[in-house]
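Written out below as structure tokens is the structure these notes cover.
Chain naming follows the written order as A, B, C and D, and within any one chain the residues start at number 1.
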Amino acid sequence: MRAMRIGVLTSGGDCPGLNAVIRSVVHRATVDHGDEVIGFQDGWKGLLECDYRKLDLDAVSGILALGGTILGSTRVRPEHLRDGAERAKGHVAELGLDAVIPIGGEGTLKAARLLSDAGLPIVGVPKTIDNDIASTDVTFGFDTAVGVATEALDRLKTTAESHQRVLIVEVMGRHTGWIALHSGMAAGAHAIVVPERPFDIEELARTVGERFEAGKKFAIVVVAEGAKPREGTMDYEAGGKDVYGHERFAGIAHHLSVELERRLGKEARAVILGHVQRGGTPTAYDRVLATRFGWHAVEAVHRGEFGTITALRGTDIGLVPLSAAVERLKTVPAERYAEAECVL
Amino acid sequence: MRAMRIGVLTSGGDCPGLNAVIRSVVHRATVDHGDEVIGFQDGWKGLLECDYRKLDLDAVSGILALGGTILGSTRVRPEHLRDGAERAKGHVAELGLDAVIPIGGEGTLKAARLLSDAGLPIVGVPKTIDNDIASTDVTFGFDTAVGVATEALDRLKTTAESHQRVLIVEVMGRHTGWIALHSGMAAGAHAIVVPERPFDIEELARTVGERFEAGKKFAIVVVAEGAKPREGTMDYEAGGKDVYGHERFAGIAHHLSVELERRLGKEARAVILGHVQRGGTPTAYDRVLATRFGWHAVEAVHRGEFGTITALRGTDIGLVPLSAAVERLKTVPAERYAEAECVL
Amino acid sequence: MRAMRIGVLTSGGDCPGLNAVIRSVVHRATVDHGDEVIGFQDGWKGLLECDYRKLDLDAVSGILALGGTILGSTRVRPEHLRDGAERAKGHVAELGLDAVIPIGGEGTLKAARLLSDAGLPIVGVPKTIDNDIASTDVTFGFDTAVGVATEALDRLKTTAESHQRVLIVEVMGRHTGWIALHSGMAAGAHAIVVPERPFDIEELARTVGERFEAGKKFAIVVVAEGAKPREGTMDYEAGGKDVYGHERFAGIAHHLSVELERRLGKEARAVILGHVQRGGTPTAYDRVLATRFGWHAVEAVHRGEFGTITALRGTDIGLVPLSAAVERLKTVPAERYAEAECVL
Amino acid sequence: MRAMRIGVLTSGGDCPGLNAVIRSVVHRATVDHGDEVIGFQDGWKGLLECDYRKLDLDAVSGILALGGTILGSTRVRPEHLRDGAERAKGHVAELGLDAVIPIGGEGTLKAARLLSDAGLPIVGVPKTIDNDIASTDVTFGFDTAVGVATEALDRLKTTAESHQRVLIVEVMGRHTGWIALHSGMAAGAHAIVVPERPFDIEELARTVGERFEAGKKFAIVVVAEGAKPREGTMDYEAGGKDVYGHERFAGIAHHLSVELERRLGKEARAVILGHVQRGGTPTAYDRVLATRFGWHAVEAVHRGEFGTITALRGTDIGLVPLSAAVERLKTVPAERYAEAECVL
């Protein structure tokens, strides 16, 4: 097998495990295949502007357990990338790259598909703390996010119980409720509110109220940031759009605390965990998954299986076409709600 | 030494270590002195309404590392308590109590003083995550709160660095900046904003801006919930008062993120840790301190040193008169700012 | 669907998540089906001696995140159980039980099969921190064990680096190297020694030695407790057998540290994590998996699918015949070694 | 105040917080005083061999929460250092150093005193996870060690309870029982065995046995590595001496588990935490203390207060003469045993 030159980049929001993928790509490629690896700075921007640096073993020493990404990451608007496809191809040719391994979420993989269709040799690595990519059982980062949220919920439970409160905890999840579902199940939340099921504030108040009537002294509600009221049931407007066209989510927990306090006559407080969920040391689970993804991405490159992403299926890592990867969002299926007992 | 009957209660906001004090009181009193201990339910309310239960070794088994308080806690309005002093004395006599050990913060200790002055035999145990009680070096709960905030800051640092952001993290501290100072020092924050020093938003923006100009890619600002702008420098109004007359603090971090984003042209995000800081398992430090406080409170009772609270001085636990305990708030002294290098 | 009576028991070594299963069984059965649940005390012993207690919602309140098992667990010798099968059937009939849900590892499931073959209506829940049950992708407890080991390895790495040492860390795993493999990958160990591959001490010393020759200042070796030297390569005898006929594993790390120190002339130290890996709060991952197993076990009971165990396949929970469950041990397959780069 | 040149070094065993001191020295010295700081490699060895590197802000970026020491550390034999005093003075003169700040434990401070007496301008920073330096209330590293041990004990408690075991947990502490005392108190251990009080194995067995007789199902014993049996009560020999003349402690927990199992007829298991206690991320408490020590060491240098070490007294950092610092070991005083209730 001949030695290759591989470019790697990280794009999109932060996600614990990015550095573990980078490290794994460099280890597998350089130690086992004698490849050279370069890292583009700040995501696609680095590819478009040919801003990169060499990644050898020293460059990735000590980063396995480190949050963030040593390569940096910026968001690039899709149209920007479309216009830049030829430029990207030019840089890849110039640098003599045999492959590019972008590590990123839904947006990144869409961009990857676009560049792949334009002829670039790409093997993607899926990344999202939200766990909403359909073609893989799990993505790294999710377990860490769930762990951080669960630890916070564990702490909040004792304080809510002693002080007779309703606590509404907002976790990440713009379009899907995976983090809310898993952290809520793990911590034994009393209600879980997810984007897949627009909620009825009266029903939520009733559920929480029944708990108090049954003699319980507190309630914990987990709500995904993207959760929305069923139309016509509550005044609520999410926070507009940011410069990339994403809706700005913020504050559903605040709204719920006001609404529940009013309806129940119990002190209700909001906790918004925010970026704590996507930073810092990845769990062992995420480090292992990220390491395996990196390893298999390099193997795919050496086998020439381009236009794909790595994916976990059961206990095995396989490849899935980029086209399939971005087809649809993986939402929480109805049968999973039943298991949690408390998804409204 | 004759066996006694002791009542214990927890009052005020939650604080990791309350259960450790209760357990320690029960262990020391029952095992070593042959005393009987009862626990009043829900703070002063339990004393006023004679709502209590027996606390033996079984009742406190397994609670050492548990957050919250097995006795519950509610806030009682001071005037309510003043009116109830005679009732309280009546219950203490009725129950044959030799002493009451209230565990609580500033408000609780003020109430304790009032009842002590009215003739009740009281040894208080100071409690506040804010660390603002002047007569003791430290209070339990503070170390846990600082630990929780620091862990969050550690996580946020990597994500802020990779994604070129300003993160504003709001920690607890209504009147004092101890949690902000210690967590900010522990995590290496780039600016710490405390209630003791009203801030100038322009100066804060300048400090953060200089960091970016020096080539750094992110900044972490820690702000105590009670921080306020220097008069005339920024529009800001805290959130009104709650039913107990406390100001409702919320959202200074949101205000700062908007103001800094506007001034710096950098993405700024707020994280509000809220009650996570006051719930859950106490650190080893807080468990040891709480256990020692409980032990010494029982000893003080047996020596008849009433009208006092336990206090840490260096490595020793001593007693301080209740009158001195509530005289003034312990604010962060100026020389401590210097050590942190980044308190504005 | 008619309401049922279900007995549940926990058997074998400790495993984080046992209480989460018990809680889930009770919640699903009582809340959703109106069943009654009883818990047998101390595993099979409780069934044989008809020692049990009622498990209602109150009995399982607050146990989701608790390590250990509220039902207790003892080991029972297989022959003891064989002789007791009729007695067990008698008790099940006497108590009017529609099903028994034993939660346990390989030994427990073998016993379960025996009783199932004897006619008892059984749905088992597999449990082992070792992750060596072939019919399920993962077992709960494994993630927690790996997490605990990884956290220790993270701590040891910095100290080994600063102080120029070889650290040999012994983790659990009598017959399989799953914990060693995952924690070693997660922490970036430099050598991983597993029971599946008897090691050659010379080769191990050479691997570690090459690291030092390459200028590195430390090395971390993870070794599963059941690892053994390739025949004839090193004097080593595991510690005999305990009363249940299990080999007593202990000390392979001590042996390795002596052997490596002698061969390399570098200070080598052993760390033996022991039972810390199987106690305490389960990770969020394990709590979710345990909760799902409990839920599906109850469903299987109501559908009458006896003689089975719950099993994770990808993201779904299914059922597997008891006969298949105990057929063979799931060992680490060769292709997984390659991913870790450092399994000897 | 004129700018200075300061040398810093770390010596002795590992201790969480070393990097925080180094960082603090560099920050305070360079940012606030315009000093230059150099770091000697591998402790006194670096000073003797003039092996050093420049430490600017970049060199200490990101190390605040990092375990270990970026400067490395080796042990040097005292006689080696005595002979090298002139050489050290020569290097200090050559490098134009105004001061040397050694960070280390008892041995390091003795060496520091020797060099200080020989005329070197020294301000030491005390360091030991054992907390046995008499002139300071606490040393950094201790809180982290106690925290790690307590977390392990918390985990072990649930597993011991469910499985009816005696667990003997060996923690660090060669000459003093501080870590055993604090972690044992924090976790609610049932017996704490410390070097200050040679133990009687019969008495220990009786204490543990009484617990079982009272119906309890498990017991946790914490033992400091340096604990020794009262003369004539048990065969036990610690492991000889290492190359530096330190006794090699290892295995008291193993001995106790064998002895207790034999006497009580209960399964007893040993857990030896070892170096996990001295590696990895320091707690917030230790980071703050280490940072303050570094800051005050620089101030002392600028005030010319040489021949001293920094020391915590209550909430203040002061200076203590080197001569006083190494006079005697701070052992656990008898009145502290009483508070723990279970020190034999």
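Just so it is clear, contacts are C-beta pairs under 8 Å (C-beta built on N, C-alpha and C of every residue); 3 or more make two chains touch, one makes a residue touch a chain.
All values derive from a computational prediction rather than experimental measurement.
Shared contact partners of chain C and chain D: not a single chain qualifies.
On a Cα centroid basis, the chain most remote from chain B in this structure is C. Computed centre separation for the pair chain A/chain C is 30 angstrom, with centres defined by C-alpha atoms. Chain A and chain D have Cα centroids separated by 41 Å. Taking each chain's centre as the average of its CA atoms, chain A and chain B sit 35 Å apart. Residues of chain C in contact with two or more other chains: 154, 281.
Under the stated contact rule, the graph of chain-to-chain touches is a ring, a single cycle where every chain has exactly two partners.
According to the touch criterion at the top of this document, the contacting chain pairs are A-B, A-C, B-D, C-D. Partner chain D is touched in their complex by these residues of chain C: 10, 13-14, 18, 66-69, 72-74, 148, 152, 154-164, 167, 217, 269-276, 278-281.
Partner chain D is touched in their complex by these residues of chain B: 23, 27-28, 31-32, 64-65, 137-138, 143, 146-147, 149-150, 154, 182-183, 185-188, 281, 283-285, 287-288, 291-292, 295-296, 313-315, 339, 341.
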